[in-house]
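Each of the two complexes below includes subunit A, the first together with subunit B, the second together with subunit C.
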Partner chain A sequence: MRSTPASPPDALRRRLLRGLATAILGVGLLGLSLPALADGPWQRLDAARSVLGDTPPHTEGLVLDLPLVSEDGSAVALTVGFEGRLAEGDYIERIDLFASDNPSPEIASFHLTPMSGKPEISTRVRLNETQRVIAIATSRQGEQFATAREVRVTVSGCLMRGDDAPPEPLSNARVSVPSRFTAGQPEEVRTLINHPMETGLREGANGETLPRHIVERFRVSLNGETAFEAELHQSISANPYLRFHLSPEAGGEAVFEWRDDRGESARHEASFELG
Partner chain B sequence: MSHTELVVWSGLAIGLLFGATGQATGFCLTRGLVNAWRDADTRKLRGFALAMAVALLGSQALVALGVLSLGDALYLTPSPSWLAVPLGGVLFGYGMVLANGCGARSLVLLAGGNLRSFVVLVCLGLAAYMTLSGVLAPLRVWLEGITTLPLPARDLPRLLGLPAWLPALVIGGALAGWALAGSAFRASPRDWLGGSIIGALVPAGWYVTGVVGFDDFEPVRLATLTFIAPIGETLQYLMLATGTRLGFGVSVVAGVVAGALITALARRDLRLRGFDGPQHMLRSMAGGTLMGIGGVMALGCSIGQGLSGFSTLSLATFAALAGILAGARLGISSPLALSKQ
Partner chain C sequence: MSQQHNHSGLTRRQLMKALGAASLLPLAGGVGSFAIGGQHAGRVVVVGGGFGGATAAKYLKRANPAIEVTLVEPAETFYTCPFSNLYLGGLRGLDKIAHGYDELRDRYGVRVVHAMAEDVDAEAHRVTLSSGESLDYDRLVLSPGIDIRWNALEGYDEAAARKAPHAWKAGPQTELLRGQLEAMEDGGTVVMVAPENPFRCPPGPYERASLIAHYLSQHKPRSKVLILDAKDNFSKQGLFTAGWERLYGDRIEWVGLSNDGRVTRVDADRLEVETEFGTRHQADVLNVIPPQKAGWIADRAGVTDDSGWVPVKPETFESQRVEDIYVVGDASVAAPMPKSGFCANAQAKVVAAAIAASLESRPAPDAYWSNTCYSLIGPEYGISVAGVYRIQDGHIAEVEGAGGLSPADAPDSTRALEAQYAVGWYNAICQDTWGTTPGTA
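The block that comes next holds the complex of A and B.
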């Protein structure tokens, strides 16, 4: 600040400048808040709109965790979880994931039951460019929650590796499930299975398009009753990984089943106690 | 503690040891080559050779004992580019001489108050990410695409049809033998101790990412000491930490700076140093940039390929190493030599 007193024209100019700055700031703030007031990104994606219907979803409660930047778009770690509140007796029944700019936007749909315990699921997804990932959760009583997150995908070039021999599809199912549950205490379960999850969009070494070949459905049943189910699409990474929760009501047997689009399937059984 | 957190803490510990050793012993390939080619003083170069031998024997011992498999290591690419790998090595080697030290050495020097290294590191990290995923990436991917060379085997033992321990013993033994044959080297504990410790950190890194970090469901990428991509990743982490996860590479870089700083403080060896003039600054900037670009093209730096890649006996590593030596030679004594040492 200079110490010389400002002459009247200077003071006027300063007041004008201040007014102008306030106006610009106001318009800027309005511009920032407008997108939040208007449509969420889920309104601009047909696939997401078909899940949402007409009522606008709640924009709080559902949390999507993805890295801001990913150097390997072929396997981006994703976690979706519900942290909001629901009416007594209500629970999250379905979570849908979409990638706005993938060739086919559906990533996966998860169907949960009271036996799935905690609505928190992790997987790895394919993102072919920088884009928004959208999650929509629907409760048993029809409450809907939506959230979106931007992910920057960069080229990974030198990390392309030709596998010597790709493993047999649907082989080597790995399941980590506790052998003992406590009633009302959801426990984490992790599953992984070998599968190319071939998108049907990729060319092989000979220049021909490789036919689509993906795991379409994954189901966990506890004592014969479905506890958790996932519909997977081609945007799920090769060797599909799923982390979710189970909260069984009685001890017994858990059956994990994967089914691919050629009708092949794999099964893993585990028994557990309830203490 | 989850396996990913364990990997990060172990990476920090490995970095601390590297930084402390580097600061106390002056371990440096550039200095070794300059001293050897200009002044016929081979102590520092023998230190690097000993580190190579220890890295190779230690890593191959872990493989032979069945502790881990190095098959997924980045260096063992089945079809490297016959152009990008050696050319990247030449660029890296030349840049290393221009900047008066490689990326790892610059981290150690920075912690000792050398502000020139700060300029080198920022240019290096920026250039590395420009080449890895930024504006130069399409050019690199294109170049690699048209110069791919499918190898008959990914590493030397498989090329010769021998069990891995045999060439490891022969080559490692020869390197260690040459290093220890120098009487001046044997009389200089800081050089042989520095080489042995830094060499041993390579199998330690393989162990951390391959065994401690092993998890079927959430695998950690197999890696060990390497500095080009991790320096770029560290710059990125500083800017985007809320949206990215801390990995092994970044924690090693942070550990090196911290370890060298602690050692410099303990040895009262902390002194601010700057540039002599704009030309000096330009040399450092060019050196850092060439190291960043070359290091990504060659899949590793003097440490990444020189020690870590070498410990896998990958064929691509020999091309990269030959390139680094040729580039350093061009920078030290040739019509292209710009630096005044």
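The block that comes next holds the complex of A and C.
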């Protein structure tokens, strides 16, 4: 496992540096030590607190990229990436995402392994109003990192949703994965599957609440071994999209599996070489 | 900062230095070319002569003719993005979306300078122009519209735009795209690439697809339009989809984000695009509407944020970052107001009132705005969405129950009326902005 990730995108790096500068400035102005700043919005959200340990999380190292203003709360693009430092041999094992003011704040939990390569994940989330998005990363050895971003959600005056039929659940599984990896070099993988991700909170045409129906688990295995796993909740947008990284240790076969809360599943296989 | 100055700029600065009152208002004795010997009630420079800028200049003069207003706009003729899709569909000439600055100059006494604003020194309150002239201001209005984020979409740079036009700034790009449509053989596919939010004119790509389909149905009946979209939802989607079905059958195909509609690479030489999950689409005519940002002078002025757009104080549209700079139109972050010409016009009036008030040390009047987006699906098939906006909890918010949308089920006669209203709207807003109504054909 690489404790220092491969070169992050410039924008993320700049944001991180700016964040650090702000944090340092904050320390200077308030005369506080860094851990005291850890009393962030994650401490005020039960769901987030439940994944935090006793030691306050580090407030630097984890970067959330979201638009400041979103004109369509049904699909807000989100990227979370870890760019901090970890002890030799340690790696980010889990990243949790929360939406502070959604009816159900959990967005997703991602489980990473050394084969996940680089802890940087993108997805699209539902935000039903202006609120904070919170990310918490936990390392194998128990180090925790937290960050939050405020997103203002407005519905553009020109926007009107089409009333197309909802997508066929678990149809059109799409995967973009390199056919060739280089040892030790994480590569980007993207997946998309059609699914209504019905929240269980919405009324249908006849006024009855539509039952919850979501993809709740996504798993990638490399040669039979789990490399990346995601627990998804209602706050993930319809047609769940995931972008993450893989760094296989040998050539072979990758299996991508989606499972929804009705026990249905979809599967996609791809073979790859290690160069 | 350029060391070249024209005579009047130099004199004014020397005068101000002599007075030792560069930042005091009102400043007596402006010696610009048209205020010789007179009094002015403050100097306002307006950058950009589109819907936002031209309206701001005019309404500043209407608010107080003693304000010295200079409008900086490189082009002598301004082509509007609204109704440029009618030109693409062969429904009106380019001269019928062209506007000039005679009224501003002759009737309202705005000094119109045809040059490019190249730099803003916010500290010194000075704008430098491509002509070498520099203009001192008490208040600056930026209405720079959009710039393309070149290479934000892989392969789409300025050279690519000469082969696969964006035509998202009306003028030569629009002519290029029209020429390509005319030259395309029957049976060809027009591929349109639509961006994610936010971007200029949210219904624009879909109106364009409609009017291109209209042109094809008349002249190239075996041809079609494919829209590859980086979004799953778009403006007036239900109305567009129904209109397309009604008028064009399967001539228009729309592929949204969740069906691999997001284009991630453009090969302009081969007129080919590739989507996120590796589908390649071959075009005969390729129209890429790329990711955008505020016009670059906003960057020079230091008013943009990480998003590339300009956060403003909603009450006045003054920059949140730099004092005395006001930003209107597409460049500003005004959501839920869309990036439309109508909004730019409405915001400019709020800015003009706010500046006129601040120059007299009065508080700005309460702000509110309205907007209507008309879209033509065919020459006699119009749809619209209207909104009214006020400030709520410190943010712009749509007033519930005001405004509205064309009915989903309506007879053709309603759509035909809305198409006429669209033309009426265009004539009225151009009259309000530039004082010109270029006719209809």
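The working rule: the second predicted complex is superposed on the first by the 228 of 275 C-alpha atoms of A that agree within 3 Å, B and C clash if a C-alpha of one lies under 4 Å from a C-alpha of the other, contacts with A are read in each partner's own complex, and residues count from 1 in each chain.
Methods note: a contact is a pair of C-beta atoms (placed from the backbone, for glycine too) under 8 Å apart; a residue touches a chain by one contact, two chains touch by 3 or more.
Worth saying up front: this structure is predicted, and the values here are computed from it rather than measured.
Participant: Taking the superposition on A as described, I'd like to know which of subunit B and subunit C A:V155 touches: first, second, both or neither.
Facilitator: A:V155 sits against subunit B and subunit C alike.
Participant: Using the touch criterion from the header, give the chain among subunit B and subunit C with more contacted residues in subunit A.
Facilitator: C
Participant: Looking at the overlay, does A:R190 come into contact with subunit B only (first), subunit C only (second), both, or neither?
Facilitator: Touch status of A:R190: both partners.
Participant: So, does A:N128 touch the first partner subunit B, the second partner subunit C, both, or neither?
Facilitator: A:N128 sits against neither subunit B nor subunit C.
Participant: Determine, under the contact definition given at the top, whether A:P167 touches first (subunit B), second (subunit C), both, or neither.
Facilitator: So A:P167 only meets subunit C here.
Participant: Let me test your reading of the model: by the given contact rule, A:A238 touches which partner, first (subunit B), second (subunit C), both or neither?
Facilitator: It touches subunit C, and subunit B stays clear.
Participant: So in the superposed three-chain picture, is A:T226 touching just subunit B, just subunit C, both, or none of them (first/second/both/neither)?
Facilitator: The answer is neither, since A:T226 touches no partner chain.
Participant: Can A:L68 be said to touch subunit B (first), subunit C (second), both, or neither?
Facilitator: Both subunit B and subunit C are touched by A:L68.
Participant: Pick out the shared contact residues on subunit A: the ones touching subunit B in one complex and subunit C in the other.
Facilitator: Overlap of subunit B and subunit C footprints on subunit A: residues 67-69, 71, 77, 154-159, 161-162, 164, 174, 176, 190, 192, 241.
Participant: So in the complex, which bits of subunit B are touching subunit A?
Facilitator: 74, 77-79, 132-134, 137-138, 140-141, 144, 216-218, 236, 240, 242-245, 296, 299
Participant: What residues of subunit A sit close enough to touch subunit C in their complex?
Facilitator: Touching subunit C from subunit A are residues 15, 67-72, 74-75, 77, 152, 154-164, 167, 172, 174-176, 190, 192, 194, 238-239, 241.
Participant: Using the touch definition from the top, list the residues of subunit A that touch subunit B in their complex.
Facilitator: The touching residues are 67-69, 71, 77, 154-159, 161-162, 164, 174, 176, 190, 192, 241, 243.
Participant: Going by the contact rule set out above, which residues of subunit C touch subunit A in the complex?
Facilitator: 196-198, 202-203, 231-239, 241, 257-260, 276-278, 305-307, 311, 333, 335-338, 340, 371, 373, 385, 387, 389, 395-398, 403, 405
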